[in-house]
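One structure is given below, represented as structure tokens, and several questions about it will come after.
The chains carry the letters A, B, C and D, assigned in the order they are written, with residues numbered from 1 in each.
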Amino acid sequence: MTSMYGLFSTPELAQQAVDGLRAAGVPEGEITIQSSEPMEEYEFGSRDRETLMPWNAVLGGAIGMAAGYFLTSVTQKSWPMVTGGMPIVTNWTNLIIIFELTMLGAVFASVITLLYSARLPGRLPKFYDAEISNGKILVGVASPREMEKVEHALRASSGGVRKLELLS
Amino acid sequence: MTRKSDSSLTDDLLRPVFETSTKFYVTAAVLAVIVAAGFGTWFYQIYWGMGVTGDNWPVFWGLHETNFVFWIGISHAGTLISAILRIVNATWRRPVTRCAEVITAFALMIGAMFPLVHLGRPWLAWWLIPYPSERLLWPNYRSPLVWDFFAINTYLLSSLLFLALPAIPDFALIRDRTTGWRNWLYGKLSLGWQGTPRQWHRLESAMHMMALAIIPIAISVHTIVSFDFSMAVVPMWHSTIFGPYFVVGAIFSGIAALNIVMAIVRRMLHLEKYLQPIHFRNLGKLMLAMSLLWGYFVFNERLVTWYGNTPHEMAALWSTQLGRYSPMFWTMIFCNFILPFPLLTIRKLRSITATVIASCGVVIGMWLERFLIIVPSLSYKGTSYSWGTYLPRWPEIVIFGASFAAMALLYLLFSKFIPIISIWEMKVGEHSNIKVAAQVQESEAAGELV
Amino acid sequence: MDRRNFLKVGALTGASATLTSCGNPEHQMIRFIPEEEIQGGIAIWKPSVCPLCATGCGMLVRVVDGEAEVIRNGKKGLIQMGLARKLEGNPAHPISQGKLCARGQAAIQVTYHPDRIIHPLKRNGVRGSGPFQEITWDEAITILLSQIDGLAAAGSQNALAFLTKPMRGQRQTLISRFMQSYGAPPPMNFDPFGDQVLRRANAHSFGHEQLPTFDIAQSRYVISFGADFLGSWNAAVPQSAGYGEMRQGKPGHRGKFVQVEARMSQTGANADEWVPVNPGTEGVLALGMAHVIVNLKLRPGNLAALAEYTPAEVAKRTGVKTERIERLAREFAENSPAIAIIGGTPLAHTNGMFSALAVNTLNTLSGSMGKPGGISFMPQPGKDAPPGTSFNKFVTEQLASPESPVKALLLHEANPVYGSPSAWRVREALSKIPFIASFGSFIDETSILADLVLPDHSFLESWVDDVPESGAGIAVASVAPPAMRPIHQTRAMPDVLLDVSHRLAKPLQQPLPWKTYEEMLKDSFESISPGADTWNNAIANGGVWGKTGEPGVRPLVPLFPRYSEPEFDGEGVQFPFHFLPYKSQSFLDGSLAHLPWLQELPDVLSTAMWSSWVEVHTETARGLGLVQGDVVEISSTQGKIQAPVLLSPGIAPNVIAMPMGQGHETFTRFASGRGANPISILAPMAEPETGALAWAATRVRISKVDAASKLILFAGGMREHPDDHR
Amino acid sequence: MPHKWGMAVDLDRCTGCEACVVACHSENNIPTVGETEAARGRAMHWIRIERYWEGEFPEVQVKFRPVLCQQCDEAPCEPVCPTYASSHSEDGLNSQIYNRCIGTRYCANACGYNVRFFNFFTPSWDKPLHLQLNPDVSVREGGVMEKCTFCIQRINAGKVSAGIEQRPLLDGEIQPACVQSCTANALVFGDLADPDSTVSKLSKSPRGTKLLEELGTKPKVTYLQRGSWDDSQKR
């Protein structure tokens, strides 16, 4: 199987390449982009922005809160200990524990969402180029159906393409 | 030209990771020895008993507890600051955040040691962990010490994640530039990061969520530390302002610590280009604000006590104003207020050195503040027959010193394995600065860049 | 305690208590078969008598089994035995009434003291330097016999001397008879801080040479002249019980208590009114009150005899305001039954006899003698001991002649080397004696001079008996069998003495027919109150008591003593301060300084532990530039000592006071080399009639010296800021 | 009905003789810390006689006040303990469970009366002093907090013997060591739940006060203030 990608030295060129590929009828999902920094100012950098992150965080918080409530009140009832004339279940103080666990839940939820939705930890894809970490931006297509079109698109749009490669 | 700047920046920031001077080994060795001495002393204390400290009846808490509060306070530099800065999206934060977050992580670890160090029977410390044990006994959720346990652990976990996540892309960076064991190690650490827009976006939104969560956590942590004292009916402890008072104090000392660390890092790792006077100036302004806030709280605390005029509180109060503890009190006022004020306000004086001097003062002053909160109150509580006094003995002092060495050592090692400034965030910064230029020169850039 | 040994020794702690200890050496030891019937873990209460002071409290000993390290036929091992665990007052006993003072509670540590002498010793080395070697009891007895027989052979029986603390009951009888029948002078009682003066005065006034018993519970007004009757003087335990009753026992009638003294004592601290007077003028105040009482016709009396004691005159001498004198007198007369008590310091002046008689006069006037709420004298059943030999006379003779008149000295529970002014040169006097045998349980400043040590049982391990002198309205004779078996290789002194008396070349079988002290006690008790099971009841209850013997007191006309001016050693300019040594609440005259509980017991007024101190009035100290804990040198004409300053508002500015008890050279690990001994610098002043030491008649000067303070105060506040700590 | 053990301290009777202090040491195996440690302020006295001067010479007076654990109903020492080492018993005592104590010393700080004492070292008794130890009371390890228990071992013993004889406990049947030894009968111990007990009656006395009442700890020890002679004259 052959894949094909171009390395572009500026976001602008990368953007052209992406547009070119789209024009060449390459479906959105098959276009791979890699960069060593977020490129949110550019169209290609802000693909699939929608995420459940905030909702998951809230959900995690809720779970943490419930956990906190049960941990405190249930254990306090399990062996009723009188101290300082306080009630057995001391909601005032338990609120503190509940709060901490809520926050912990929210934090964990966001991290888990991140790892899951960003597919981390994962393996490096079929093509990856260490040049990226020098600032290059990679635009490529894994096993395109119409190789020529893709190649043409990449070349046409990118005067700055230094390398073109076939992997199989 | 973007690339040039990129690669040179990357090189600068990665240099400490790849090049190791003998100076590094020497410093690390010296620090390690001091830390070892600290642990030795701790085991000595465990072996013989708390009696080797200066604690006594009725002053059952002394230096260990002071250090606990002090280090937890220092930990409020990093994560909290960087979280705030992230949320308000202050662009100048970029070089600062990681320096700061690292302080949090390590200061917390060290601070969290002291409750163990101060225990009479530390080998039973695990009884604080809530799990269904054969003892059928759960921790007492009414005890501020248990609140501490939860709060500190929450804060520590989230701070570590907050530090670790944005490091992943940098790991990837190092992975790509290395071979052999480093490549393998950082390959694992980078979790196969490729830098697709999706990943970048998820990372940033996760950081955003955590920033939101971490601010209340950090505030709760030091509030709860203050509860350790304000929950007890002890003169000058049983006060409602302790929560905010401690939080402000914490941030205050935290920023000071950050300034000092940044200055050292800047010098040692030759990052003058990245940690610039503006950073110190901004942090200086923040610190000045805190200094004022802190002074306001101290005034409140003292005035209310004096006006209330209850015998025990007055005894404790006067011991700090004019009595046996007064030299420490007035030193504190000088360090936290009189010293930083001119250094941070008068434009002529403002400079990195000035900021660092002020910061040193603040760190000392805030340590004294913690001591003055704990010891005098205990000396003057209860029936006047049972009043007492306190003098630290050598084991406490050695452990105190070792805690600083531990901080330095951990920081040193950290900067050896991870770039102390977040590279990708720097790049983002650099580019947003030169973006305009970039667009102008787009075409030629397209052409002749080789 | 040495920290190094904490864990090591820690492992051995509570072998009987809970903390288990693996690797405990006791587990490797051999175990002997128990020698007694004991049920594990079951506590039994056995009667006994407290030996620590002259009160003679009956007590109960809580005995629970435990494992003790003992030596049986030369082998060291563990044995399960009944062990005394706690001492409490015997509720049935008329003196203690179920109570026991701090010292009595601590008496148990005498038995278990780590530095007790656990087997007979023979001196090897220079006398007084210390080294002793262990010997068997047979060797020990043989040495003692040879010495005593030696004297008899040389026909110098009168060269044998016996030195003890004041003894009572059958021990006293035994020793006297032994000496008498052997042909030696009667035993010497060493008691420089005792109350001979008061006893003699009581003989003059009431015909009883004895300490009085006060019915404080019933009385409505108590005025005490320097007597620490709630702390260290006379029968403190029953007196405290009575005091409690007087204060709150009778609803609607709260008795008043006035204390007259120059330095506030623990007792003075409880007074409703505290009246400081110039040292030595207590008697003057008493007669001044008498003058007012007679003058106002509150009581009949011969005013002429009191002519010179007009309130104005008395005010001048005592430093007490006229109005106050008159008010006190009126209160005293109008609130009968009223008691006037004198003891301690006022009697320790050269005019002590005058003061004692003066107070007796006041009591006679009050008319509460022998009545409820008044003063009485306890009947003394079976008291047949002849007066002892004077210790002072003995010392003088020893020092006078180059050749020691006394050839052999038997020493029992007396420590004159520590307990007498250095001016008496007691050590020198004793060192001349060729042979000294001690029955003591500890090596102290005196017994270290011994050539032979025959360690006595502790009181818990031996038969004890006592005939209290004061403290109850009825006759009391206490007796009790051993509460536990001996844990060391010791023998009861009375048994040893009987044994010796029988094995002498000329045995004393006839005067001392008994094989054991137990038999002797039995006989004596059956002679006191004949009856079938007297004896069994006695040893079951801890003694016999009841309304036996002659009536408490015979009525007397008040006799008005002639005034005598108190004399002081050291003239005022050079020695500006009166020096007031006082019996420590914990150690009395120092005989209890070896008990750790008492060392760590905070003195109630100073809160001091493990230390000695000198009390200086706050203003005086300010004048001399002294602060709390400064070390000062206290010098009299007789010598100097050093002690840290304790600021006190409760002491006259021209007086400094210091507790006795510390400053031992050699007296176990807990007392040796700690603090200073005020007795040592006392001037050899004496009360003329009785020759008793006037221990409050010394004047001193103090000067600050540069030395580390050893003042340990329990009240943390006082450690640092005595002023705001009030 | 559960008991409610309490004590009344008659300051008019207390003579400051300190018999209670030694009795407590003897009964409860309280270690003697020795000179050096005492100098560092680590002497342990579950009950102490506080002494306060009043006035200036010559009009100077002293007030004694025996201070022991006040066994507060709402004890500040209890909730602060993370391991429930300090908690409330059914009889209303502040029980200190030595085995649970991990030595945070927080309870001692929270206590407004400074009646809690810490074993800074593992205590030791020079042999054979250890033979005196009371087998009914556990010896505390280093690093453990300890305090007055109202002689709980005696309370339990009393309950047991009453149980065996199937009778209710008599008033005054149970006496802590300090009360037992008090020469002037200043200390009275008993069941506050029983309105007819001596201690209940005394606690209602007009002279009755609580120590540091403003702390709101609801102590079960009542101090009967010293009366003055003149009052009693008026009556």
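Simple rule for what comes next: contacts are C-beta pairs under 8 Å (C-beta built on N, C-alpha and C of every residue); 3 or more make two chains touch, one makes a residue touch a chain.
Everything quoted here is computed from the prediction, not taken from an experiment.
Colleague: Of the chains shown, whose Cα mean is nearest the mean of all protein Cα atoms?
Modeller: So the chain nearest the centre of the shown protein is D.
Colleague: Ranking chain pairs by how many C-beta pairs touch, which one is first?
Modeller: The chain pair sharing the largest number of C-beta contacts is C-D.
Colleague: Please name the chain that ends up farthest from chain D once chain centres are defined by their CA atoms averaged.
Modeller: Farthest by centroid: A.
Colleague: Centroid of chain B to centroid of chain C, CA atoms only: how many Å?
Modeller: Taking the mean C-alpha position of each chain, the two centres sit 65 Å apart.
Colleague: Counting only Cα atoms for the centres, state how far chain B is from chain D in Å.
Modeller: Taking the average C-alpha coordinate of chain B and of chain D, the gap between them is 45 Å.
Colleague: Which whole number of Å gives the spacing of the CA centres of chain A and chain C?
Modeller: 90
Colleague: Would you mind listing the residues of chain C that make contact with two or more other chains?
Modeller: Residues 3, 6-7, 607, 715-716, 719, 726 of chain C each touch two or more of the other chains.
Colleague: So which bits of chain B are touching at least two other chains?
Modeller: 48-49, 51, 56-58, 137, 140, 142, 146, 384-386, 388-389
Colleague: If a residue has to touch 2 or more other chains to count, which residues of chain A qualify?
Modeller: Where chain A meets two or more other chains at a single residue, that happens at 81, 83-84, 86, 90, 93.
Colleague: Line, ring, star, complete or other: which one describes how these chains touch?
Modeller: Shape = other; not a path, cycle, star or full graph.
Colleague: Run through the chains and report each pair that touches.
Modeller: A-B, A-D, B-C, B-D, C-D
Colleague: So in the complex, which bits of chain A are touching chain D?
Modeller: Per the stated touch rule, the residues are 81-86, 90, 93.
Colleague: Which positions of chain C touch chain B when the two form their complex?
Modeller: It comes out as residues 3, 6-7, 607, 715-720, 724-726.
Colleague: Per the contact definition, I'd like the list of chain B residues that touch chain C in the complex.
Modeller: It is residues 47-49, 51, 56-58, 315, 324, 379, 384-389 of chain B that touch chain C.
Colleague: So in the complex, which bits of chain A are touching chain B?
Modeller: 9-10, 12-13, 32-41, 44-49, 51, 53-54, 57, 71-72, 75-76, 78-79, 81, 83-84, 86, 90, 93-94, 96-97, 99-101, 103-104, 106-107, 110-111, 113-115, 117-125, 128, 130, 132-136, 158-160
Colleague: Can you tell me which positions in chain B touch chain D when the two form their complex?
Modeller: Against chain D, chain B makes touches at 48-51, 54-61, 115, 118-122, 124-125, 127-128, 137, 139-140, 142-146, 149, 228, 231-234, 378, 381-386, 388-389.
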